[in-house]
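Note that the chains are named A, B, C and D in the order they appear, and that numbering of residues resets to 1 at the start of each chain.
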């Protein structure tokens, strides 16, 4: 694992501009709350990128120098350019880690990597969320015990239409009685992917210490191995 | 799949003999409630076997003529003879399906097949259990929609110390806020295994229609293919 | 499982029109060789569909009445219309089984469902292929023992860039020393997917009895459960 | 990951004492060849333990101070004390990594953790083994490209009777046309397990650079996370 992981925190960054309630919680945008948490965790160099920047802030150069990308989007999934989604997918295949956060479940990049609808049930009603750990010893829950509680959050409920995960690391319950696979891992090509549920824009999840710790742990887990060999495909002579 | 699946419903059958409350719910024993549900489902020939019968009712002949075995035990796991556990394990490897029910999570046979402690959290406090389906289209939830509710049950909570399942089919929530992987599948050798959570002896889960339907579905899913070829191991000449 | 599975065998059907060697092996096209094998297996109603038919033979009505679709393409993947690929994907999510054959690994539909490049190594040099079974007891190898041999085939070699399979059922070796995961299963939404390697157009694999038996077994395995409940997503009220 | 991983290389150490051919290849025992490779890789403190030492060299204290245990056994599996196997299993559950090497597939500890027979086909006939990588980007193949070749080895062939692996990292072909899942991972409780095939006692695999590199990579992969929280099971009060 790299000692200095290069992280790009990507954010749609629209709600904060139009919704005072969101802005009150995240005055500098959700991306900067996440980035601050990662910087505090240490061992990473963190930059941010947002939808309305040129190339959504994800130039070929930025991606080539990103070990792990985090992705939050919600209201503007359709505005993300297909060629840039393609670029991100190629970079994941080449080894870049990807953390998909909350409503990013419906992002073009996540749906492309999963091959499913990624649909789910939801409700905005101040549910209490309890996130239980189903894989103790997994790096993603390192330093935590067996569950964390988020006092108020949007509910996401099963069925969550994703492929059978490589590992189911976290499962949530909500006040309303629903459950959700809140932390699941996949590998696509050389890249590792972690979906992590919390983070509705009207709640302060990305200010909560344990949530940030899981994100930091997941960044470390998703960072590519050093000296990753590019694969050779195509016509091959016999030995 | 066989048109006439031969099922043996194995039951510890101790609580009913000593606890009037359990006897009131299951006057003929839990095994007979389960067996009645399976007979009503059709396509199966169902017998029962219990701990206190000779060889626990699981003679070599009975097992050789069993396509799917269901297992409920709780208070007397340690009384199950090791040689008979070995016999059951061998039969699973040879293709027999196995349904492990509720407190059977701590049975010798389940722990042997899993290789883990199979431990969990629990509470007896009349929790409401909601069982959500995480694999729509799976034969085990055939004919049901997206969840079932058990009005009162014992709580089982994560971490459930099992291997990463081949498929996670069901996840429960409980009134107290816990979650549990309530329906999980595994393959061991030629045999298919389904763990299914409900069924504490002081609640009437095995009289509930949807619970019985899932058990019947799981029996059909776990039945071995016909003409299963025995595998050849050991020294092998080159082609 | 339906007693009468409705199968549509989809074929690109181009090589046979331009290459006399292929036509000599498959005078009626590869699709008709596959369809004949399935009809002989019984329990299925089989039709065919090809690229150059209107809507590639895959109208909404045809797909709605297809339980399992098999897919062979090679030279004209790019000519398959995106809207029809989308239609097939939606139908898989709704429960239709999908068998992807040989060079179909690079089809639009398979890449979309996998989320990976689906790339591989290959060589046309009359390799002998031995397909070993890694999941005895799986319905897909029902009636067969532990391996089959294809005297001459195109080589496909690892790394095969696919997600970690739900189940790895078959692994091949080739004369040149390569290996390949030749039979792998996935679930996407309500649909089951099986990738099966053999079937290069210049070799007679789809006339070989064991190959056809595996395809027939896989069709039965991939057929949807009856009365599959459509899932409900979106906003949900608390209980 | 610990910067200084504490490794114990366990070896049966019998063949070297009775077979001059083995002794000629491994004059200090296979364990010391493996240990030398790990020491050269760096970042580890390596000790050895063997069957004929008191408690097989695996006292409670040694295990408590072992992050990763490697295991090679063959002719004397039955001589390993059950209470010590139990001790090793408990330590794996508590987070210790375990590498099972070659004929260790039939060890008590591996069979207990897998729950299957762990049987396979085999042949001693100087086969050439090619180990292909099926999970590029996995830490276990870090620094290597897409395959390694072992000029002469014992053959192991499928069906290898193990549970569906969490990850299939390596697949071998042999001169005789067989294939084998040569590198597979599992998690049991808090511990990570890697089975790695090469290492028959009459061939010098543990002197081969790439083989030692994979073992060193696997040790780093299997090392437990720091500050692993012990899990709480049993009776639990509601929130």
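Criterion: contacts are C-beta pairs under 8 Å (C-beta built on N, C-alpha and C of every residue); 3 or more make two chains touch, one makes a residue touch a chain.
Remember, it's a predicted structure, so these values are computed and weren't measured experimentally.
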| item | value |
| --- | --- |
| Chain C against chain B, contact positions shared by both copies (same if over half, else different) | same |
| Chain pair with more C-beta contacts, B-D versus C-D | B-D |
| Approximate Å spacing (C-alpha centroids) for the pair chain B, chain D | 33 |
| Whole-Å gap between the CA centroids of chain C and chain D | 37 |
| Two or more partner chains touched - positions in chain D | 130, 135-136, 146, 157, 159, 164, 166-167, 177-178, 187, 189, 231-232, 239 |
| Chain contact graph, described as a line, ring, star, complete graph or other shape | complete |
| Complex contacts: residues of chain D adjacent to chain C | 128, 130, 132-136, 146, 157-160, 164, 167-168, 171-174, 177-179, 181 |
| Chain A residues within the chain C interface of the complex | 89, 93, 112-117, 119-123, 125, 127, 155, 157, 159, 161, 163-164, 166, 175-178, 186-189, 231-239 |
| Residues of chain D that touch chain A when the two form their complex | 1, 95, 130, 135-139, 142-146, 149, 166-167, 187, 189-192, 224-229, 231-232, 239 |
